[in-house]
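Listed next: structures, encoded as structure tokens.
Both complexes below contain chain A, partnered by chain B and then by chain C.
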Partner chain A sequence: MSDVIVVGAGVVGAACAYYAARAGLDVTVIDRGPVAGGTTGSGEGNVLVSDKEPGPELELAVLSNGLWRSLAERHDRQAGPGAHGGFEFEAKGGLVVAETDEIQRRLVELAAEQGLEHVLVSGPELRDYEPRLAEGLAGGVLYPQDAQVQPMLAAARLLRDGADSFGRGTLHLRLGVTVTGFVHSGERVTGVRTSHGDVLGGAVINAAGTWGGEVAALAGVTLPILPRRGFILVTEPLPEPLIKHKVYTAAYVTNVASDSADLETSAVVEGTPAGTVLIGASRERVGFDRTTSVPVLARLAAQAVALFPALREARAIRSYCGFRPYCPDHLPVIGADPRLPGLYHACGHEGAGIGLAPATGHLLAQVLTGQTPDLDLKPFRPDRFSEDSP
Partner chain B sequence: MTFHITIDGRQVPVVPGQTIGAALHAAGVRSWRTTRFGGRPRGLFCGIGVCFDCLISVNGRAPERACLLEAAPGDEVTTS
Partner chain C sequence: MTYDLVVIGGGPAGVAGALTAALAGLRVALIDSGARLGGQYFRHAAAHGTGHAAESGLARFLRLGERLGERADLLLRHQVWHISQNDGGDFTVHCNGPDGGPVAVRARRLLIATGAHDRPLPFPGWDLPGVLTAGGAQALLKGNGVVPGRRVVVGGTGPFLLPVATGLAEAGARVLGVYEANGGLGLARHPLLAMGKAGEAAGYAATLARHLVPYRTRRAVVAAHGEREVQAVTVARLDQDWNVLATRVVECDTVAVGYGFVPQIELGLQLGCGTRQDVDGSPVLSVDSAQRTTVPGVWAAGEPTGVGGWQLSELEGRIAGRSIAERPVAGVLTRRRDRGRAFGAALQRAYPVKAGWQGWLRADTLVCRCEEVPLARVREARDLGATDARSVKLLARPGMGWCQGRICGYAVSCLAGEPQQPSRRPIAQPVSLGALADTADGIPDDPATDPVDDPAH
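This part shows the complex of A and B:
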């Protein structure tokens, strides 16, 4: 019997397992598919603070940003410098660009409210930071803390390091095992029923991402988590790095916070260590429909070329899509479920799950071991959606 | 009738119809570029135009997929 059962082997589940193991707990991670088989494996690997409005999610992002750095440094101390954490960690910084003076004014206002380390960049100065940017942009804001990871490697690395480095026993990973229900003892959850038999544990963490609502329903509680689809277009590997930072247009910030179900796109462009360029981002609510949408990809390509004209010469070699797990208030669900003792949640991070994963795992480990969490978890509480909730 | 292309100045025989990638492979050249950070070798991987691992510059043009580009007499191939 494990102290903790984590349902979901995406980056959030992996981080929960890592920090729980580090806190001395025995952990079993269960996933019906492979590691990073869901939303983790279909993102860009964003570790962003820049796109967050001031408030609880920004505090979570700042905490998490520091933890990602610590994780990368810890790995590199053993693996040697230049190992990039074992998950292509790049502290490249993010550059938000504005097409007009009015948008730039709003970006400057947001930066002042966020209180993050940042540099205001005028239109003419933009190309000092990104030499291949298009002409005629009004300006931008550089956020040095923004970073990028390869999300599948990051999830796998957290699981591996959690298994190798900590715990009284080991971190068990059970893949291809589907959770079909919960085991109860009195009022408490004491395990999960699976396609491969019951697995018992002192606590169960629901880290099922976009499917977190379904797992919660198996336990008899509701979580209003729904999919928000996004496409990413990938270029061929470029011989020379074209883009130094994560570069995105200001529209991305408003799209992230938007409540519209219709298609919204904004240019989000960045290089990877493999030389490919990832081009996003689209948001639309169409359920779990995986059909490739050529019009969406065409829009993404056109927006990226408008930002970096040199991309016109690059061939797109593939696209992929994923489903961000979003809650009505765009905040994740983190913490103990007061409706069902023994059940904890760590899901609903929308498009920020990679960035927010370490803080989520760290805070839950604190809760599980009876410590006071570093951040107030009230804004993230699982029962906040019910009508009688204050 | 075979013809020749050059790889970094070295003459390599080509059977008409062979791709640049096939000619390099036949000449014992297994990789012709490296990854940006790790410096790991890259050459033919999928061999059918999907993976874009085998990008190579021929006659100074922008990188092409060696596995798809048919070799022509006198092509000058430069590895990096």
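This part shows the complex of A and C:
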């Protein structure tokens, strides 16, 4: 029997398992598929602070940003410098660009409210940071803390490092095992039923991402998590790096915060260590439909080319889509479920799950070991969506 | 304008299907990435008319192509990168045009006749210049009249090695040996004989004998050696599971290897067509007796429905053409098709790929050449929790490069310990971001305004 069962081997589940194991708990991670087979395997690897409006999510992002750095440094102390955490950690910085003076004015305001390390960049200065940017942009804000990881490797490394670092047998990984229900003892959750028999544990963490609502329903509680689809275009490897930072337009910030179910797109463009350029981002609520939308891909391409005209000649060789776990208030669900003792949630991070994963795991480990969490978890509480909640 | 039928692929299946439908009065367009009709099997240089055209079936194929050119629009040098179904039920075929610009073609019905590509297996040194796929060697020869080397070794499995070897020998290359990894049949008991193709088999045997080309079973090329290009290969004697029993080194400058074929089904997958596993485990498009896929309005013919050779492909194309034109399909056609399918299945059973090839690899052998992923990284990914080919790809990048896993997909599936899954490729061919940006909401150009190449001749 484990102290903690984590349902979901995506990046959030991996972080929960890592920090729980570090806190001295025995952990079993269960996933119906492989490591990082869901939304983690369909993302860009954003570790962003810049796109968060002031408030609880920004605090979570700042905490998490520091943790990602420590995780990478810790891995590199053993693997050697230049290992990039074993998950292609790049503290490349993010550059938000404004098309008009009015947008630039709002970006400057936002930067002042966020209180993050940043550099205001005027229109003419933009190319000092990104030489291949289009002409005529009004300006931008550079956020040095923004970073990138290879999300699948990040999840896999967290699980591996967690299993290797905190005592043999601390962290078990059970892949290809589907959770089919919960085991209850009185009022308490004491384990999960799976396709491979019951697994018992002192606590169950629902880290099932976009499928977190379904797992919650198996336990008999409601979590309103919906899929918000996004497409990413991938170019051929370019002969030389064209783009240095994570570059995105101001519209990304408003789209992230939007409640619309309709298609919204904004340009997010960045290079990867493999030489490819990743182009996002689209958001639409269409259920779990994986049908490729040519109009969406065309819009992503058009926006990227508008930002970086040199990309016109680059060829897209792949595209993929994923489903962000979307909550109505755009905040994740983190913490103990007051409706069902023994059940904890760590899901609903929408498009920010990679960035927010370490903080989520760290805070939950604090809760599980009876410590006061570093951040107030009230804004993330699981029962906040029900009408009768205070 | 919306065509009654758009056919993707200008090989035997596509041309037969397009011509049959056009003769029945449908407005037909045929799209192919090549400069001429032909596909893999009937690939030919611009100036044929020599002895080459007398080759089995080619002259007839060219006549069909000419007739098709008179009755249908041939969009050659067009690469299809995506097909989408519109709200009204018709289809938009998105292509890169000959100049790289976007071309969109509308269709009420589709025939997917996209053929198959080579199935190579990795081995140490297979990334050296001079190592070709069997199909690649044949394409150079047929399409460009280029003899790829002077001292050539042919290896792999299946009857396709025979026309490749005889073609090379007749073109003047010294074929040092044909190494068939399976065994027990030999030329004398070759399935071609059993299926009434004695003439074809005897022709190959005679040609190989005339050029003193040894044909050896239970042998394989398990390594290629050389500094900057191939200078020699290791040929191994194999047990029946393809484990190496003994080896010797053969000096050569070219190797052509092929272990069967992978049907190209990604356009069908884009449309949501159902698939099944063929005898050899390959995912293929499911079709009914009239070659209809599971998506209304979409037919498939030839190798995407199961590898069986050009004659079966042509039959399937004709049946599809009749069915698309809502004409009755003669029983004689379907009976011949069914016999052809049984033959194809028999060949796949006679020439399987056995697991012993994985023992030919070393830790540093590249599994994916595009992304330069060695076997060690694939193993590391499995160790990190990748339990299937997709997660191996996500963690170690095999199949993420230029070829989109067409070359390495089969090997990676084997190494991940699962049967090959249908490969989703939403972008089937590289498309420039400029062209994609200009595809503005998928409004199709009128293909009639595009320069259309002459039909094959």
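Throughout what follows, the second predicted complex is superposed on the first by the 387 of 390 C-alpha atoms of A that agree within 3 Å, B and C clash if a C-alpha of one lies under 4 Å from a C-alpha of the other, contacts with A are read in each partner's own complex, and residues count from 1 in each chain.
In the analysis below, a residue touches a chain if its C-beta (ideal position, glycine included) is under 8 Å from a C-beta of that chain, and two chains touch if they have at least 3 such contacts.
Not measured: the values here are computed from a predicted model.
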Fit or clash - chain C, chain B, common chain A: clash
Touching partner for A:A138 - first (chain B), second (chain C), both, neither: neither
First, second, both or neither for A:I317, with chain B first and chain C second: both
Partner chain(s) touched by A:E236 [first = chain B, second = chain C, both, neither]: both
Partner chain(s) touched by A:A274 [first = chain B, second = chain C, both, neither]: both
Chain B versus chain C as contact partner of A:A61, first or second or both or neither: neither
Contacts of A:V179 with chain B and chain C, given as first, second, both or neither: neither
Touched partner set for A:G82, first chain B, second chain C, both or neither: first
Residues of chain A contacting chain B in one complex and chain C in the other: 236-237, 274, 313, 317
Residues of chain A that touch chain B when the two form their complex: 82, 84, 236-237, 239, 241, 273-275, 313, 317
Parts of chain A lying in touch with chain C, wherever the complex brings them together: 9, 33-37, 41, 152-153, 156-157, 159-160, 173, 175-176, 233-237, 274, 279, 291-295, 297-298, 301-302, 304-305, 311-320
Sites on chain B touched by chain A in the complex: 33, 35-38, 50, 52-53, 55, 57, 62-63, 80
Chain A partner contacts - residues on chain C that touch it in the complex: 82, 84, 92, 94, 270, 272, 371, 381, 384-388, 390-391, 394-395, 397, 400-402, 404, 425-427, 430-434, 436-442
